[in-house]
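Note that the chains are named A, B and C in the order they appear, and that numbering of residues resets to 1 at the start of each chain.
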Amino acid sequence: MTWLVWRQHRNQAYIAAAALALFAVVMLITGRQMASQYHSALISCAATHTCSDLATTLNLGSPVLFLLINLTLLVPCLLGVFWGGPLVARELETGTAQFAWTQSISRSRWLAIKVGWAMLAAAAWGGAVSALVTWWSSPVNALQHQNFRAGQFDVQGIVPVSYALFAVALGIAAGAVLRRTVPALATTIGVFVALRVVIASYVRPHYMTAVTKTYRLAFAHPMPSIPGSYWQVSRGIVGPGGQAASSAAHSGVGVSINGTLVTLPPACNSLLSQDPPKIFSCLAAHGYRAFITYQPANRYWAFQGIEAGIFALLAAALVAVSVIVVLRRDA
Amino acid sequence: MMASSDPAVIQTRALSKRYRTVAALTDCTITVPEGRISALIGPNGAGKTTLLRLLAGLARPTGGDIAVLGTAPRPDPAFLAGIGFLAQEIPLYRRMSAADHIRIGAHLNARWDGTSVRQRLEGLGIPLGQAVGTLSGGQRAQLALALTLAKRPRLLLLDEPVAALDPLARRQFLAHLAEAAAGGGLTVLLSSHLLSDLERICDHLVLLAGSRVQLCGDVDALLAEHQILVGPRKDTTAIERDHTLVHAVRTPRQTTLLIRRNGPVIDPAFETADVSLEELVLGYMGQHADGPSPAHLSAIGGDQ
Amino acid sequence: MISFRLDGRSVVPTYLQIVQQVRQALRMGVLDVGDKLPTVREVVAATAVNPNTVLKAYRELERDGLVEPRAGHGTFVVGRPSGPPPGTHSRLARSLAQWVRSAREAGLDDESIESLLRITLRAAAEEETA
């Protein structure tokens, strides 16, 4: 049976292997260049004590490379469309399922081996691409501290493997239910994109309760220092009673701080025409404080794990659906 | 070789299959004894494909019982090893070669005679290395039959295998099939909507029309049980009382009756004639086409 | 070795066509005692008829004492069909010709004669079986 799976899909496997090899060559060459560029920049900045500005002065990579990295977001979807969707649907559509199902092999074994290899291949390809991207990105991650950004979080670490498993399982299930290849492909793309967007935008921020830090308003140091690639959920100013400072409880003159419109208490109104630092100290004196809500950097792998777990569970559920549909339904 | 005591390879009782609101097969009771080459005849949409798929375990019945080779059809290796199934569209992997298919069969079947397929294809001049999608319809059908036979099945289920073939390919296909059956131990059920395709090769008949079984039995016995009566136009109630009227054609002057007889026909006004297989089949199909058939006219299930 | 031409459309049952063709071949000297008949497999591979049909024909020939199956070797001719004694044919042909003449004189055409002959043959057969 494994031989049949290989014979059926070897051309796809060759193409995917060639694409992966090409991608690996690009990543390895440019990744090494970038790593050495970052290293020498670190050495020279240490000599001149300008390393704190390195994030703004050093330009790593190129727009084309970052576009390529962003395109790896599509890898799980492509695997779902080209490997998952046709896996069962094409056999039902062309009738070859009837050929296979009347050989001396049970339908469950047939499905298990096909699905097993497809999932394994998806995990391998998704993992290989992710590993290359993660390695390539390490200087960028170290420089920019933006590991939680969607364009980075979603293409690095272990989540791409889980996305790939989910996309392939989705394709298989859509094919088993719809029994036609093209509608299965369309369904795979639609559901995959929709679910990814919903989870990344609305579910991911709440995997763990965010940490909130309040701090004294001061013009010179608007922000406390938070180590590493933390993920900022929100920031702003709270009034003396802890209420949101932007509430239009009483009309007055406002000033925008850190993107929050703060209505000045009457006592500070007179300072409006004067230096901004004085407004800050006036606000601080009247009990106004700044806050930042964020996910600390050390939660990165917990978030990767939770998101990977969610998609792995969804993939398992879809495989179960495929098994039930294939075994229960008439050929 | 043929005896009524041959064990039944296929036995169904009150078998039914509904697809949502459509009845594909209704109250189907048939028996096919071992060693027969049975023709499953019926107009398009009569339920032939449904019956074959139920027998192969590819579909599940909604009512009644099936025993194929002594067990209920089920998708497990032990059952599947005993049957060979060839679907109407002759589904093979179009991009793969005959040699690839032989290898697939070797991987998927514990009992597999790949050499027989190679020999057969070489004998027919069918290339082993060429993609199956580029072969002619007749070559594909021959390949599919050879692959199905390589399992050494005890029961072969073929769905309209010759419908799309030209006369020469049709003859070669049936000769291949007959040769396999001559080896012994093989029972065949093959469907067609054209009796003429199967007349020579079949010694057993299952006639379906309107999702119901109209006739089932050994061809010789069925022919002996039926008779054509040709006579003047007259009251035929006496004949209808003694025998089972299958089909009647009445003109102002003449009456032609197809009857299933119970004993000899004694009516000097009627000339009797033996019935041909074609007349028999057309008679039962015509009966069905004329309107809903009374249950007692069904030749199945002990109507005597 | 002989080959069979089998006509599925003929009113003569297929197995009987095989029997008749073997008998004919024996009368004509195409087959002789000791010759081997084609195997069932060979016959069906060439003609696409049911193997049981060929078996039935061979059994009928065996019952008539014309052929004999030898296990593992095939079916061999062991006898010749017993015909009527010489002269029978011509004697009967003469009286039949006389009858045909009188039927023509009575106004029967060939078709009516054939029909009458068929009916008489069937009646005689039924008398025998009765």
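The rule we apply is simple: contacts are C-beta pairs under 8 Å (C-beta built on N, C-alpha and C of every residue); 3 or more make two chains touch, one makes a residue touch a chain.
Keep in mind that what you see is a predicted model, and the values were worked out from it rather than measured.
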Centre-most chain, if every chain is reduced to its averaged C-alpha atoms: B
Chain pair whose interface holds the most contacting C-beta pairs: A-B
Cα-centroid distance, chain A relative to chain C, in whole angstrom: 87
Rounded Å distance between chain A and chain B, as computed from the means of their C-alpha atoms: 59
For chain B paired with chain C, centre-to-centre distance based on mean C-alpha positions, whole Å: 30
Chain B to chain A touching residues, read off their complex: 53, 56, 58-60, 75-77, 80-81, 83-85, 87, 89, 91-94, 96, 100, 103-105, 107-111, 151
Contact set on chain C toward chain B in their complex: 6, 8, 11, 14, 40-41, 44-56
In the complex, chain B residues that touch chain C: 1-2, 35, 37, 171, 174-179, 181-183, 196, 199-203, 276
Chain B contact footprint on chain A (complex, rising order): 1-4, 7-8, 94-108, 327, 330-331
